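In what follows, subunit A forms one complex with subunit B and a second complex with subunit C.
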Partner chain A sequence: MNTAIASSPDRQPTDWSADAMQRRIRARYRAEKRFRFYGLFAVLLSAGFLAFLLVTMISSGARGFTQTQIALPVNFPASDIFLEPSQLDGDDRDQLLAQTDFQGLARQSAIAAYGEDGPAFLSNGAWVLLRDAVSEDPSLLTRNETLWVPASTEVDFAARGDSGMRQSEERDTMSTRYAELEAADQVRRTLSWNFLTLADSSDPTLVGIWGALKGSLLTMTITLLLAFPIGVLTAVYLEEYAPENRWTDIIEVSINNLAAVPSIIFGLLGLAVFINVFYLPRSAAIVGGLTLALMTMPVIVIAGRNAIKSVPPSIRDAALGIGASPVQVLTHHVLPLSLPGILTGTIIGMSRALGETAPLLLIGMRAFVATPPGGFTDPATVLPVQIFLWSDELDPGFVEKTSAAIIVLLLFLLAMNGIAIWLRNKYEQRW
Partner chain B sequence: MVIGFAVIAWFTARFRAARLRPLGGDRPHSLPGYHGWYVALWLAIPALLFLTVWSLFLPGLVEQSVLLDPAAQNLPASQIERTAILGEARALADGSLTAAFNEEAEALVPAYQEASGFYGVIGIIATLLLAFACGAYAFLRVRPDFRARNRVERVVMWVLLIASLIAILTTIGIVASLLFETIRFFERISIVEFIFGTHWNPQSTTFSDDPGSFGAIPLFWGTILIGAIIAMIVAIPLGLMSAVYLTQYAPAKVRSVMKPVLEILAGVPTVVYGYFAALTVAPAIRDFAVNVMGVSSASSESALAAGVVMGVMIIPFVSSMADDSLAAVPGAMRDGSLAMGATNSETIKRVLIPAALPGIVGGVLLAVSRAIGETMIVVMAAGLAANLTANPFESVTTVTVQIVQLLTGDQEFDSSKTLAAFALGLVLFIVTLLLNIIALGVVKRFREAYE
Partner chain C sequence: MNNVGDMMNDATDTQAESRADAPALAQDTLKMTARNVDVYYGDKQAIDNVSIDIGMENVTAFIGPSGCGKSTFLRCLNRMNDTIPIARVTGQIELDEKDIYDPAMDVVQLRARVGMVFQKPNPFPKSIFENVAYGPRIHGLATSKSELDEIVEKSLIRAGLFEEVKDRLHDSGTALSGGQQQRLCIARAIAVDPEVILMDEPCSALDPIATAKIEELINDLRGKYAIVIVTHNMQQAARVSQRTAFFHLGTLVEYGETSDLFTNPSQDRTKDYITGRYG
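Coming up: the complex of A and B.
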């Protein structure tokens, strides 16, 4: 056929300079450019989405690290509380402090300073600060002292000129009052460590992430202690020892499957096995750590196998050749050489576990935890779950706190991944 | 304590083995360190095993001896009350409770303390005896010709094997726990109604298991609409074109910057995406639907918002799978096409993508399986109402949302709602498993075709 066409006498050579041909070529080049542009557009759109997400979070979260404070002049001697500094030297100091009506004191002082609606300017938890101040310095009780305490969410919103969810009239009065306060230097905005040192609370001006952070830390400790050794041992077994038989196949298949199972299934497993069969305490760091360890282990196994596989066989042969035993080959040569790769995989697996929420919701780590957990069996919550819980809150003051918590979480993940990349670049050898 | 003894044993045995060296004519078979390990393992493993077994039996033994105590004679006969009182007495005895609710419990405290002290001492003595007996046995075998190395390595081998069995145990655990609860669920609700029913409203069933409320079709449809349709409409073009651009067109510098940037998208925790979808994307889409499209039924928990954000999350998966598949196409095919005068884009569209298609399809299937198992985005951005609708501006719900919803309430473990969550989990598990198997099969066949 082809030869027939080629030798056919009526077939002319293509006239490339003809108008039709030129148009075709131009059209093809345009299509080429267009296609290239689509590609660039797709990349930029994806990157733009990431940038948009980060900018949204940072712009709405940056305020979460600050606190609007209001000056509260407290006249301790003239107040209704009858405490003497000397009384606080005894052993019953805590009890005395607990019995004293600081809440009323805060109310009184606010009314004295700002009129009838004064208490509305203070955060609901402002009295705790009064108590702590007195506990720290009992001599306060004999003086007239101005303390800076957290302002209420409404004042906070007025401070930023944000409507929040209030009615417009209320908002306007609050704005004018705020302007007056500001002119009198009675409010200030400061960077506050409170967000990093406090735990969950129902009042958005007094919440912090230390409780959740500590929960995450405890959970991750359990996860690391379980997943890392088991993962590395499994990887070593599969790469160095496993005979080629059905058992090995089953182990490999189940590891690959586990790596692909949706995380929520691990939550169901944790609920059914750890809580309902082993009766471990609900919402404790130990159950969360166990569940996440099962989830992280396949990641470590797969990364570990790749790292071990990349150690050249000549090194093993050389070591065996001069009389090393298999375990010596492993501990003296193969493991040290593959350790950077294993650690990189471990960090990546751990960072995934740190951001995981769904399985922990199922095992009950969504409790309201107002005091940081003290141990592995105390009720705890973790950073991502805390974000989820705050995102459900109706109080608009939680929006910036949620975003601020997200910033903290992203910073942690960034640091972990940065370490992983650094490790890989510094220690990885190409054979 | 046992570990401490094992460390001591390691040092003494190592020392002794080191002293052996000059005595024998030849060199000893194993290095001193191996003798140390051998003795230490012999000392620690049986003792620790015994301790574990002992601590399993300990509560039972203590309880039995408490029941023999005269103070226990007037306990109520009913099993439940008896266990309650015993539990309270135990809590009192170890100090985790300070005041008793039942008076009988108070009376049992001394007996409890005595019994647990007694059995505790017995346990410690037995453990120590066992440790020393085994350690001594091993220690006596430290001789120049003793093959300590081979024995220790066999133990290491067993440890490795046991570690790798944990993966199998986990898989079995998942399948067994899901299956067990699902079977109990289907004893109450018929399987046909679960799979083919179109009405899902388990929150309305309080005590009676209203059989009309467990039809899961709306959930399956919602999952497919969000995870397999909307998310893929976003992720496939963006991911594929990104991969094409980055592998075929982009200068090396752009590639080295943009590839990690896209990978960050996969590393952002899903709860962050969920918050972003609920806070920013969903209201924007609702306003768009109401004001521009004129869809009055638009919900602020629309399927579209969750789907779009999920699609963005999936972009890096599609992109990296497409990247791999394009790289696996032999260079000769590409060069041949270019040599025939085809432009780059024609080569990509007519040669590279068709050749890489099985790999790309496999990647898309993996992405779908990830999308339908994704939880937090849909929990935070998609709704709870089980609507059977194709309108992406309306609210739908998914399998994962319902699992979370059913299990985070305060109901007892046996209710149909809780069991339904496990049935949904089993469906999810099977579907993602099948998708993964098919996808990996496709990718594998595709790789082999070009090797």
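Coming up: the complex of A and C.
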């Protein structure tokens, strides 16, 4: 059989130790080394970028979670406000509080404590804390009490030793004043729960991320609840049931294209359909969620189809062969086996949706929302839009708040992906 | 087309005379009959006018060269071809005198009655226990956990696998060796208590020792189930079967007692094939 090659008379036996052969072998090893090096280089480069990003974010954002506070002695009985604790027992409590000039009280107290430029040490919203303190404990009105209130951005910058945007003389006076305050223990730097519990504000010392975080949570909930089931069902139908004809071809091409459509177009679609046709409320999490679901669904469909396609046909045969119905084959075997792939697609889609800003701007989620949304139809904003809005602010106090918001966004992303990866691994372990 | 009663009589008559459209089946209870079966994949005809009787007591082997349609025909017997959209089956196939292609026939139930073992071992990526328990569970064959345990144990014993796996029933079925996996698949098929077991080249992916075990198992199962086995291996057909059908180019060339067919084939094509002229 194989005599033809071996005994061919004009064929020399291969000389494996010849120079050319050895050179070729060496070149092959070199190529392999080089290739490994490229791979390692790529990994190190991306790890370096990631480390750089995390270090800068954390170093500049960590301060955003803290707040410089200043001690403000308030002599309620001697002040211009004429409220009695007993008055606050009635139903008109809120109205009374609203009518009372806490702003003047804060100003008065600041001047009393720190002289003429005292009010400049306080955050513009410091009076809100006075009001809240009184509302919580009306007996304060009869006492002389020292309250800790947020300091102004200038004080905050002085605390950091940063010039902010002040002229140099002003900065110098502020830093000497700050040194005095610090020596007298009248300023402190504390972890600020306000940042995690409040919503947007025009005063950087009073902003909070909770409003945007809750907005993101609500929006993502809608997105997941819509995009995941619709995406999976679409993938299942297209893979398992759809006949192969022109219509399914068109649907397939459309879905693939939909996944590549720039996100801002989805924003326009959301505006035109959900707000202009269905009259859903503007700026609401439900519209944001619907819009992002449109964007996420094709990604889940594509990943889902690939995952379903990769389930070996032998498993389907096995199940059909012992009399499982097509639906049983699907729910008992095909879907569980393709779930890890579907979840991977969902992670990618949801991460993209979480970081999306452009389409949400168009449906009005860039509004200034000072109270955390109470539900899906309340005006809301989301983390990336909040970051965008804050990064646009003139007040330098927003810089560290922006970084802090980015940290919150990244943590949200990590938590979301962590859950999905945990789920995926849990299902992978079963086999 | 003859009516069913005629065919039954002919077939169950002992030593019935050979008929063109219904090969004789001697000394056996008729389980499945096929008459004038054609199968088309799109425009291409894969099976041309095959008629065959399958008996309860015997192992029937389908042999023939690659692409001769023996697997295609086997897959008609439990309607596995339904899963191929372009496949079209005409003619009549009956199980216990009931047309299995009749719209009234429930295909899910049919496949429970006519089980199948595939060429490549294909256990579910689940535990050994779950693999065997799956069928009884979906068909509601066990009313209690202990009953299910019993079915699983009995099926594994019957498939000759129980001794090897009894301590690790909850380990993954895919971690077994190839031969063990194939016996697991047989256990899975018999767990739903089928009447017929179709085996599509069950040993082609196995080594000789595992093959010997499966053949032994087929011998043990004979009589309890009607067994149809497709094989490439003529020695295997000679070893395990009592009847052999030789397929070539989509037609049934010859069908008869295995001993006759191998020693004294009536057709030249059969003779050429079993003497190794082509294959």
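Note that in this section the second predicted complex is superposed on the first by the 366 of 431 C-alpha atoms of A that agree within 3 Å, B and C clash if a C-alpha of one lies under 4 Å from a C-alpha of the other, contacts with A are read in each partner's own complex, and residues count from 1 in each chain.
Convention: contacts are C-beta pairs under 8 Å (C-beta built on N, C-alpha and C of every residue); 3 or more make two chains touch, one makes a residue touch a chain.
The structure presented is a predicted model; accordingly, all values stated were derived computationally and were not measured.
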item: Partner chain(s) touched by A:155 [first = subunit B, second = subunit C, both, neither]; value: neither
item: Touched partner set for A:361, first subunit B, second subunit C, both or neither; value: first
item: Touched partner set for A:337, first subunit B, second subunit C, both or neither; value: second
item: Touching partner for A:265 - first (subunit B), second (subunit C), both, neither; value: first
item: Partner chain(s) touched by A:325 [first = subunit B, second = subunit C, both, neither]; value: both
item: Which of subunit B and subunit C A:36 touches, first, second, both or neither; value: first
item: Chain touching more of subunit A, residue-wise (subunit B, subunit C); value: B
item: On subunit A, positions contacted by subunit B and by subunit C; value: 325
item: Subunit A residues touching subunit C - in the complex, by the definition given at the top; value: 243-244, 312, 314-325, 328, 332-333, 337, 430-431
item: Residues on subunit A engaged by subunit B in the complex (per definition of touch); value: 28-29, 31-32, 34-36, 38-43, 45-47, 49-50, 53, 56-57, 229-230, 233-234, 236-238, 241-242, 250-251, 254-258, 260-266, 268-269, 271-273, 276, 294, 297-298, 301, 325-327, 351-352, 354-358, 361-362, 364, 366, 384-385, 387-388, 391, 399, 402-403, 406, 409-410, 413, 417
item: Contacting residues of subunit C [partner subunit A, same complex]; value: 78, 80, 83, 85, 108-112, 115-118, 120, 122-126, 134-135, 138-139, 172, 174, 185, 188-189, 191-192
item: Of subunit B, residues touching subunit A in the complex; value: 149-150, 152-153, 156-157, 159-161, 163-168, 170-171, 173-174, 177-178, 180-181, 237-242, 244-246, 248-250, 258, 261-262, 264-265, 267-276, 278-280, 312, 315, 319, 343-346, 348-349, 366, 369-370, 372-376, 379-380, 400, 403-404, 407-408, 413, 421-422, 425, 428-429, 432-433, 436, 440
